[in-house]
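Both complexes shown next keep subunit A, but they swap its partner, so subunit B is in the first and subunit C is in the second.
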Partner chain A sequence: MQRENRRFYLGVFGTEEDILGATNEARQRGLTIVDVYAPYAVHGLEKAMGLRYTRLPLFTLAMGILGAGLKIWFEFWTTAVSWPVNVGGKPWNSLPAFIPVTFEVMVLFAGLGTVTAFFIGQRLIPGRKAKLPVHGVTDDKFALVLEETDASFDKESTQKMFEEFHVLEVVERVEQEPIQ
Partner chain B sequence: MDQTPLILGDKTPGDVTNDISRLLEGRPTALWWMAFLAALSLLGLGAVAVTYQIATGIGVWGLNNTVGWAFDITNFVFWIGIGHAGTLISAVLFLFRQRWRTSVNRAAEAMTIFAVMCAGLFPLIHMGRPWFAYWMFPYPNGRGPLWVNFRSPLVWDFFAIATYFSISLAFWYLGMVPDLAAVRDRAKGIWKKRIMGFVSLGWNGSYRTWMRYETLYLLLAGLATPLVISVHTIVSWDFATSVIPGWHTTIFPPYFVAGAVFSGMAMVLTLMLIARKTMHLEDYITKTHVGAMTKLILLTGSIVGLSYATEFFVAAYSGNEFEQFVFLNRAMGPFAWAYWTMVACNVITPQLFWIRRVRENFVFVFILTLFVNVGMWFERYVLIVTSLHRDYLPASWAGYSPSLVELATLLGSFGLFFTLFLIFIRFVPVIAMAEVKGVLSIGRRRKNAA
Partner chain C sequence: MSATVTDIRYQPTAQRLFSAMAAIGALSLAAGLVLAPDRAWANLLVLSIGTVGLGVGGAVFIAVHRLSGAGWATALRRVPEAMVSLLPVGSVGLLAVLVFRPNLYAWVNPSAELEHLMVGFKGLWLNRPFFLARAVFYLALWSWLGWSLVRVSRLQDLDPHRKGYRESGRYAALLAATFGLTYCLASFDWIMSLEPEWYSTVFGFYNLAGMFVAVLAMMTLMSVWLRRRGEFRGVLSGEHLHDLGKLLMGFCTVWAYLWFCQYMLIWYSNFPEETGYYLIRREGAWNSVFFLNLAINWILPFLILLPASVKRSSSAMAKIATLLLLGRVVDLYLMIVPSIEGVGGPKFGIYEVGMLAGAIGLIALLMIRGLRGAAIVPQIDLRLQQSLHYHS
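Coming up: the complex of A and B.
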């Protein structure tokens, strides 16, 4: 399989106001935003990039229901079916006493399940080599990565727009894969 | 809106990375080595004591037929309580949008994990045969299978603590990934680069990841908030579901949770004030942070004080003479000294935090937090020992005093806690850099507002 070369146009910025402004402007101009890199979560950047919501909360809910469901079934099964032991004459159906452990297992499934889903979904895997667009995006730099999708991509006006937002550095890069 | 800057010194994000990462570079100071060796010696003492009591049996403790629970369970509840502040700061205050939490949450979460480890040790050795600890886990076994009794609060406790430890660890690690990546990207040594590269999971600051990270953080905070309440509630049920006067009361869950937050907050403050001075974090941990934490101590301390009063009122109002006896015996019996130490440290001295000048004098704050730590340890001691030592039958009344082995075990748990904490401050950024960078603009006029 042959891969197509993709051309990327990168702007490096120094403050959160600049990256927000540049990202907003790029989106309004209809440019293709591949990604934005930031050392911390900048409030409002997801809107500027036009990112849609994530499905992680639904996954948390599903895992919570699964954990609680399995646990409550397991408690009834062990207490009343598999090997019933009469403890102080307490009823086989001790639902109120089963609730604390059910709650804990629900939280355990939902929490660890969602963290695992996040790590796998974002390909955050131990030992994976980080691909940084430019050095410093984990420190104090912000990078906006645009893709030069077709001939109509106007470098000059984009560079001018970047300069309005005090761009520190502009890089052009050709890669076989998106920088992800 | 409060316009006092959260972080002083007009820092830029680059300054934050430098200030915090620098603490991990270079050789540890002589002070660190001294503290580490002291902690390690205590840990060694604890290891000897635990080995001895496991080899000999828990008859080496000061327990007797009447006082069947004392020192060990006191330490367990004390450490679990300490752990609660970490989750409170990282999860509950996150939901309440308390931005000052960013300077202390990393250390508080670390403290939670280490405190829960210390706590877990005590039920383990209390079993007498800790090599059978896995029997608490309901696995298919060759004994029937004989399952655990899910109606027992001790089983609830096992699940609560195991879940709490796992979720806290996940929360802590998740919060650390962006900072580990920052340390990786400035590391010079090959080994540091490799290790940090391994644990930072290839984090590159992509905002597509950041957006999901923020959602995940919120979800975990939402899960951890009821979790932290459930954990100490379940610990209190270990006592409240019994029929012992002094234990069998419905006030226990809120009373225990408030006490846990109270003691944990005091421990965080104790540690952070030391870290602030020795690691020169004055710009990051300011009057605002200490002030907010002392106010939380004041609030929870007052709830604890109210709980003490409510217990007495309920005992008087119940008309139950056994209940009344237990409370009078607490305040005026052979353990009155412990009771009044507890009241002095938990109810009276924290009231000084009403005064602004006390809140802003860090030496004073430090001393008062030590008092709270002592007071909350005594609260558990009073609660457990005084409720047991004079039961329904005067013929079986007994006293209790801890043996040297028990004291050594307690010291050992402090050794474990501080050893882990000192290792933590050498290898991991003590302040959540990625979070602090996000709050730098608070209380500062923006140069070019967007």
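Coming up: the complex of A and C.
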């Protein structure tokens, strides 16, 4: 498999305000933000990183519709086609009686589908080892990971920018990754 | 910080329009009382219960927001506070119906076929003096607690040393502890007892869910209006709208859930004394109103409110809020009027349109008056900064 060297430039910060400021500044300078690591969900970080809206809710909707549709069809088939049973004199094809179960199956499909899609999308397969950029990002540190995409990446001015936001540590790292 | 009382200078054309609508309503009511008394009283009952619901619901919103320690809506609190000022007018209309038109309620002079009902607990519960005393008690309790919450909030503006947060907590707790029970019992009294033979234990919650949807819709509509005018510029953000949208979507789904609970259990068990309610409403022209009700109170708003971008758009939210407020009128109309007029269909005409226009005009005038009484944003509150810089 062909492999490529990727150079990463990391800043480790100590507070929520610093990571937000540094991320905002990096985005405004047009630097490539690979990811931001934080020990808890920081409000406003998705805007600072310039993340686009997730398409996950659309998938949830699709799974919900699929689950509801399949269940309605299944109930119709079992009670009205395959094995009609007279329950309380109601017609075999009785929509109101199907609704509660249809609702439950819709929620089940949408819920499990969303979790599964999220895990697949984030490559969070079972047994995967956690890969942290630096120690402490699950505890009390915040890390901003930039990529040196080309030779024009200006380390000096980036470091200066990091220092404005009280950077604790700057790390440079080269990793080999398969070309996707 | 000194409190500044808002001077809402709305255009004189708007004031003239609302006053004209209120006058049309008064005329339609007067003409209706003479020419078509049953329709006029029934419509007065529909609109009064709706107005009382908005009034007490505003207080309930403040109480729940306060008790849960929430902060997001503190800056918008003057809107539900203004809604509390709808309580007196709604109460007068409602008490007028209960006092002057007892015959709307079939149990007051029970016919021979209803005689057998008026024994045991039902006979004791449904007697006129007790019925009227209950109505006065519910309305007085809600007015006292609602007005106390408003008063504490306004006094806080004038005196920063006042312990208003703690004080409002006491009234909020009292309202929260008593409201659920009293509103359900009031729904049983004022609406369900129109058909004394019919009963549904979920009916109170069903009416409560519809009421709370209308409260959130009213808050949304007024907040968007205030932002367009300028008073809420820099106060009402997309984050607030997004949360109001989520609440609207959630509560209209609660309404649909209870709508279906009531319908399905009655449809499934198929008892004669229970199905009567739906038989009237599924025949003739009422059937279209029956499905219209479900469409505008749940199907349409649910589908439209699904994307986040819609919940953050003030023009879309104002339209949905208007739709849901109309939906509340249709829902109440369908709960009340078929029980009085019976099989056939809605007699929809000049009285209905005139009185609805009157209610809209009167509510608009009262809301503007309520907003004028104090600074448009609470000046001093523990949670104010949290609310102004809110991020959902």
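Here is the rule we use: the second predicted complex is superposed on the first by the 176 of 180 C-alpha atoms of A that agree within 3 Å, B and C clash if a C-alpha of one lies under 4 Å from a C-alpha of the other, contacts with A are read in each partner's own complex, and residues count from 1 in each chain.
Note that in this section a contact is a pair of C-beta atoms (placed from the backbone, for glycine too) under 8 Å apart; a residue touches a chain by one contact, two chains touch by 3 or more.
Please read these numbers as outputs of a predicted model, since none were measured by experiment.
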item: Which partner, subunit B or subunit C, touches more subunit A residues; value: B
item: First (subunit B), second (subunit C), both or neither touched by A:K129; value: first
item: Partner chain(s) touched by A:A97 [first = subunit B, second = subunit C, both, neither]; value: both
item: Residues on subunit A lying within both footprints (that of subunit B and that of subunit C); value: 43, 90, 97, 100
item: Contact set on subunit C toward subunit A in their complex; value: 260, 263-264, 267-268, 270, 306, 308, 391
item: Subunit A contact footprint on subunit B (complex, rising order); value: 12-14, 17, 138, 144-153, 155-156, 159-160, 162-163, 166-167, 170, 174, 177-178, 181-182, 184-186, 197-216, 219-220, 223-224, 226-227, 230, 234, 237, 434-435, 437-438, 441, 446, 448-450
item: Touching residues on subunit A, where the partner in the complex is subunit C; value: 43-44, 53, 61, 88-90, 96-97, 99-100
item: For the subunit A and subunit B complex, residues of the former touching the latter; value: 15-17, 20-21, 35-43, 45-46, 49, 51, 54, 56-57, 60, 74-75, 78-79, 82-83, 85, 87, 90, 94, 97-98, 100-101, 103-105, 107-108, 110-112, 114-115, 118-119, 121-133, 135-140, 180
